[in-house]
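Submitted below is the structure of interest, expressed as C-alpha cells.
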Amino acid sequence: MGDTLNLALIGAGRIGRVHAAHLVHRIPEAQLLAVADVNPAAAQACAEQYGMPVAVEAYQAVLENRDVEAVVICSATDTHAEIIEAAAAAGKHIFCEKPIDFDLGRIDRALAAVEAAGVTFQVGFNRRFDANFQRVREAVAGGEIGEPHLMHIVSRDPAPPPIDYVKASGGIFLDMTIHDFDMARFLIGSEVETVYTAAGVRVDPAIGAAGDLDTAVVVLHFENGVIGTIDNSRQAVYGYDQRVEVFGSGGSIRIDNNHPNTAVVSTAEHLRRDLPLNFFMDRYVESYVAEMQAFIDAVLKGTPPSVTGRDGRAPVVMGLAARRSFDEKRPVRLDEVQHG
Amino acid sequence: MGDTLNLALIGAGRIGRVHAAHLVHRIPEAQLLAVADVNPAAAQACAEQYGMPVAVEAYQAVLENRDVEAVVICSATDTHAEIIEAAAAAGKHIFCEKPIDFDLGRIDRALAAVEAAGVTFQVGFNRRFDANFQRVREAVAGGEIGEPHLMHIVSRDPAPPPIDYVKASGGIFLDMTIHDFDMARFLIGSEVETVYTAAGVRVDPAIGAAGDLDTAVVVLHFENGVIGTIDNSRQAVYGYDQRVEVFGSGGSIRIDNNHPNTAVVSTAEHLRRDLPLNFFMDRYVESYVAEMQAFIDAVLKGTPPSVTGRDGRAPVVMGLAARRSFDEKRPVRLDEVQHG
Amino acid sequence: MGDTLNLALIGAGRIGRVHAAHLVHRIPEAQLLAVADVNPAAAQACAEQYGMPVAVEAYQAVLENRDVEAVVICSATDTHAEIIEAAAAAGKHIFCEKPIDFDLGRIDRALAAVEAAGVTFQVGFNRRFDANFQRVREAVAGGEIGEPHLMHIVSRDPAPPPIDYVKASGGIFLDMTIHDFDMARFLIGSEVETVYTAAGVRVDPAIGAAGDLDTAVVVLHFENGVIGTIDNSRQAVYGYDQRVEVFGSGGSIRIDNNHPNTAVVSTAEHLRRDLPLNFFMDRYVESYVAEMQAFIDAVLKGTPPSVTGRDGRAPVVMGLAARRSFDEKRPVRLDEVQHG
Amino acid sequence: MGDTLNLALIGAGRIGRVHAAHLVHRIPEAQLLAVADVNPAAAQACAEQYGMPVAVEAYQAVLENRDVEAVVICSATDTHAEIIEAAAAAGKHIFCEKPIDFDLGRIDRALAAVEAAGVTFQVGFNRRFDANFQRVREAVAGGEIGEPHLMHIVSRDPAPPPIDYVKASGGIFLDMTIHDFDMARFLIGSEVETVYTAAGVRVDPAIGAAGDLDTAVVVLHFENGVIGTIDNSRQAVYGYDQRVEVFGSGGSIRIDNNHPNTAVVSTAEHLRRDLPLNFFMDRYVESYVAEMQAFIDAVLKGTPPSVTGRDGRAPVVMGLAARRSFDEKRPVRLDEVQHG
C-alpha cells in the first residue's frame, strides 16, 4: 500500500473522538475522511472538530465510500459484529473497540467474515501498548525472570459506572475483567484452561440488585502451568489502580501505578504522595495512540495485527467461564463454554 | 504473679537456641532455669552458652522442677501434643512452637488439657509481632482502610528446604502456608469458610516426587465476605519475599520487604537496590523477641495470650482443606475437615 | 482579543520545530502563519511540515506581516535582543527562548523596547511548567511545608554537549545552570542576594581547556533567608537527573526523576529499575506545550505573562556572579554584577 | 591477647548506659567489670542494672584496677582529654565518645599521650558503622560509582536540644555537624582543604540569642577534587533525617531514611508512609553495637582501630573552620585553623 491510510470513524462517542484526535494530530500516516454516527448531530460536530469533509448517519455510507480504506468501529457493542461483517464484505480494514460481542456465535461469524475478506482486523485492547505492561511482557518473553510461575493482576476502577451502564454492560467479567483476561494472555503468552471465581457485592448493593458483582478474584490455570490471579474492584477510593506482578524461576517483575508527579511531601504527620492518575484516559492516553499507530502500520506494511480476532474472542470465553464459575461455585474449564 | 517468670526450654535446636538467647539477653522479666533435649550434649551446650544451671535429657525432669513456672516447647513437631498435655498436667504455662500437631484429634486433646489446667498457652506464630504485619493489622482493625474487601499475601522462601525435610514436613500447606493462614485470620479478624487451591511443582521435580507441591495459590473465602489470596513459592531467587496488601472501602495498605539498607545505586545500566533480607531469622528476629515478651507479659499479668490454642488449630484445618482442594480440584469448606 | 492568535516562528531549528508542532497540533487557539529562518531551505521544510503558508529568510518579513500578532523567537542567542527590539517596535507579542542575551546592557535595551511597546513578553523557561516542579512551587507557595529554609537542586545532563557548542555556550552557568537559577527563584519566590561557587573540571579535560567547567555547586543566599544549593554535572551516566528538595519549618517536598515505566525487576543479583528518561525532550515535552499555552492565554486574555522579562534577566545576573565567584574564590553579591 | 576483654565504663549517663547494655548483652568477648561516675548513685544504679561488681565515683579508681584492660569514656566532653591522658598513662586501651575536645591543643596532647603509651584508641563516630553509610562507603571505595565528583549529606534533627544544652554544646558545627564532617571524610576517603558556610537562625530565635545557628549549609572542597555539601537543620518536623548522595563518573549512590515499617497506605486523599525513625537511638542502635564490637576486635587482635585519633581531631578542625567561614563570610582553608 501507499504511505498514508484513509480512514473513516464509525461512532462519534467518547472513545470515537479520542481516536479521531489521535488520528488527526498524532499519526502522520492517517487521513481521517469521514465519520458516521446514529446521532447525525454528533457526527457533524465530530467532523467539524477534526476537519473531516464527510459526516453521515448510516455507517453503510462510509463503507460505500471508495476512498475509505479502513474503518475504526466505536459504535455500541451490540452493533460491532454486524458492522464488522459489512466492513469486511466491503473490503475495508477494521479496527474494532472491545469487546467484539458478548455472543460467541456472533463473534465467530464476524471473524469468519474477516477471514474470508482477507482484511486486517485489530481489536482495541489498548493496554497491551502501555509502557508498563509492555515492559512486563518484554521481561517475560525475553526470559528476564526465567520461566513464569505466578501472575497477579490488580485492576480496580476509581468508581463504579452508573447503574444503567452496569445493567447493559454484560457484567463485570465481560465489561471490566475482560481487559485483564486479555492482559493475562498477553503477558504470559499461553492460553488459560480453567478459571475459578470468588466474588461478591461489596461496593454498592444496587450492583448486586442488577445481577452483577463489584468485587472479584479470578484464578487462572494456564496451559503452561502458570497460576494467575486477577483482583478486581469497581471502586478504589484512591484512584485507578492498575498493577501487575509476574514471578518466575529467575525473579519477578512488578509494575506500579502512574502518578501525576513524583513529589513526596514530608510533614509532621506522615510522608505522602499525590494519588495515582484517576481517569483511564489520563492513565492510558499514550497506549491509545500506540495501538492505532500499530493498526495503521500493520495495514500499510501488510503485517499481521498485534491484537487479532482470536485475541478478541478469547477474553469473552474467559468472561463467560468466570461468571459460570461464580454461579456454580466450582472451577470451570474454558472448553465448557468455548462453543457458545 | 511476681515480676519475673522462671522458664525451661524443651528442645535445644535452632529455634530453641534463638528463644534462649532472647530470654537471657532481651527480656528482663525472664529467668531461664533449665533446658531439656533428647540429645543430652545439645542440652548441655545450650545450658553453658546461656548460663542455665540445669540441662537434662527428658523433658519430664523439667516439668517436675517446682521452680519452673513455664515451658517453651521447641522440640520436634510430633512431640508437641504429648508435651503440652504433660506440661498442662504439671501446671506449667506453655509457649509452643507452631504447628501444635498435624492431627486435629491430637490437637484437640492437647487443647482440652490446657483448658482443664487453666494455664496460659501461646502458639509461636511470630510473624504477628512483626512491625510490618502489625501495621497492617492496626490499619484494618482501626478502620484506616474502611471495610476490608480483598487481601493478597505473597509469601515466598528464598530456597526450598532439603528434600528430607520436605518429606517430613506435612506438606507445603502445613509447613509453609500455615504461617500465611494464621496471618490471614489475624489481619482480617474473621474466620475462613472455604478454600480453593491452585498449585503445582515448578521449582524442583523432587518435591513433586515426594508427593508435595512447591508453588501454590490458595483462595480464602472469609465469613465477613473478604476474599483473600495467598501466593506461595518455595524459591524466590531474589530472597525472602513477604508482602501483604489489604484493600477496603476506604483505601488499601500494602507492606514491602525489609532490605539490609536503603541504598539506591544508579549506573549506566539501571537503578538498583540490594536484595531483601534473605534469611527468616534476619527478617523476623524482632518478632521472635516480641512474641516471647508477649507470652511472659500474659503470664505475669494473667491476661489472655495474643495467639491462642484456637489460633494454633485453625491454620491446620486450613492446611488440610487446602490440600484436599488441590487433590479434588474443587473449593473445600473448612467444616468438611474440621473434625479430623 | 479574539479566540485565536496568529503567530510566526522565527528560527526553524530543533527547538523551533518543537514549538511549531505544539502550536499546530496541541494548542487549538494558535494559528501558525509563517516561519523565518536564515537558512531558507530550513524555513521551507518547516512550513511544509506544519502546513504554514509562508516561509521567508528574513525575520523582518514576518514582522511586516500585519496578520501576525505574535512571534516565537527560536533563533541563535546572539540575535534575540535585536529581534525582540524589532518585534516590539512592530507591536508583536513575543515569546523568546532563553537566554535573552549574555550581555546585561543588551538585555536591558531589549526589555525597555518591550515595555515601551506594551506588548506581552514571555521567556522560555519551560521547566516552570513541568508537573513535578509545579508541584513543588505549589507546596512552597501554599505553605504546605511551612516557611522554606533550605533548597537543593540536582541538575545533571546525561552527556556533555560537543566541544564546539561548549565554546560558544557562554559557559556552564549561562548555558546549563541558568535553568536552575530560574527554578530557584521560581520555587522560593524570593530574590538571590549572594552566590558562592565551588566548581571544577571532572568530566572532560577538553571542557577545561575551553575555559569552562563541567561540575559545579552554587550556593544561593536568598533575601528571605533561604539557603539554596545547585548541584550540576555535565555527565550523569544513568541519564538526565533533575530533582529538587525544599525543606521548611513544616516539612519538606522532594521530587524524583521521571522513568519510562514503573517496573521493578527482582533477580538473584538485585532489584532494578530502568533508567530515567534520558533526553530533555522526553522529560520536558509537556512543559513545552504548557508554556506556549500559557503565553497564548496571556496574550488573548491580556493577563501578565508567567515568565517575565525580569525573570529572563535575573538568571543571567546569577550566572555572571557565579562565574565571578569561581574566579575570585569568594562569595559574590549580585549587585556587584547587576549593572553590566 | 586473650579471647575476652575486661572493660570499665567511665560515665554512666545516657550514652554510657547504652554502651553498657551492648557490652553485657550483645558482645560475647566483652566483660564489663566496673563503672565510674561523678554521681556515685548513678554509678551504683548502672552497676546493678548490668551486673558489674564495682561502682566508684573517681575514674582514677578504675584506672588503678589491674584487671581493667580497656576503658569506655562517656563522661562530659570537657573531661575527655584529661581522662584519655590518664588512661593512656595507665596502659588502658581507650574508646572515647566524640568529640575528644573542642580545643586543638588539648586534643593534640591527649593524642600524643595515646601514641606514647601505644594503646588502642577509638573515637565514637558510630554512624560509620551504620548499614546505610557502610553501603555508601563500600560503593565509593570499590569503584561502584567510578571516581566521586559530588557529595551531598542531609542531616537534620527532629527537634532542637534544650537551650541550656545549646549554650554548652560548642555550637552547631562542633555538636551536630561534627558527625557529618566525619562522615564526609569517611565516605570520600580524602581530606577537606577548604570550607564555606552559609547559615542562619530559622528554627528558634533563642538559639541565635545564645550565639549559635540552627540552619546551615557547609560546602567542602576535598583534596581529591570532590565538592561536598552538608545540609543541617535543628528541626525536621517529620523526624530524624539522615541521607547521603555521592555522585561520580560511573553513577551515584543515595541512601534514604529508615522507617519503622514498610507500609504504604492509600486513601482518598493520598498515599502515605509512617514517619522515619524519630530518635537517634532507634535509628543508630545497631551502629553503636558494631562500633564497640570493632573496638574490642581491634584490641584483641592488635589491629588498628577503624576510627583513629586523627579521625577524632579532623572534624574539630572542620567545625572551627566552618564557624570562622560563617563569621567572616568567606571560604576558610583548614590550615588557617589547624594549629589551634
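To keep things simple, chains are lettered A, B, C and D as they appear, and every chain counts its residues starting from 1.
Going forward, a contact is a pair of C-beta atoms (placed from the backbone, for glycine too) under 8 Å apart; a residue touches a chain by one contact, two chains touch by 3 or more.
As the structure is a prediction and not an experimental result, all values here were calculated from the model.
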Q.
For chain A and chain B, which third chains touch each of them?
A. C, D
**Q.** Smallest count of steps, each to a touching chain, taking chain A to chain C
**A.** 1
Q. How would you label the chain C and chain D contact, same or different, if same means the shared numbers make up over half of all numbers there?
A. same
Q) Where the centre means the average of the CA atoms, what chain is farthest from chain D? A) A
Q.
Measuring centre to centre with CA averages, how many angstrom lie between chain B and chain D?
A. 40
Q: Compute the distance, rounded to whole Å, between the mean C-alpha positions of chain C and chain D.
A: 43
Q) CA centre of chain A versus CA centre of chain D: separation in Å? A) 59
Q.
Multi-chain contacts only, two chains or more: what residues does chain B have there?
A. 236-238, 250-252, 266-268, 274
Q.
Show me the residue ranges of chain B that touch chain D in the complex, using the header's touch definition.
A. 25-26, 131-132, 134-136, 139, 144-145, 250-258, 260-268, 274
**Q.** chain A partner contacts - residues on chain B that touch it in the complex
**A.** 146-147, 149-150, 152, 154, 156, 196, 198-200, 202-203, 215-217, 219, 221, 225, 227, 229, 231, 233, 235-238, 241, 245, 247, 249-252, 329-331
Q) Once bound in the complex, which stretches of chain C touch chain B? A) 236-238, 266-276
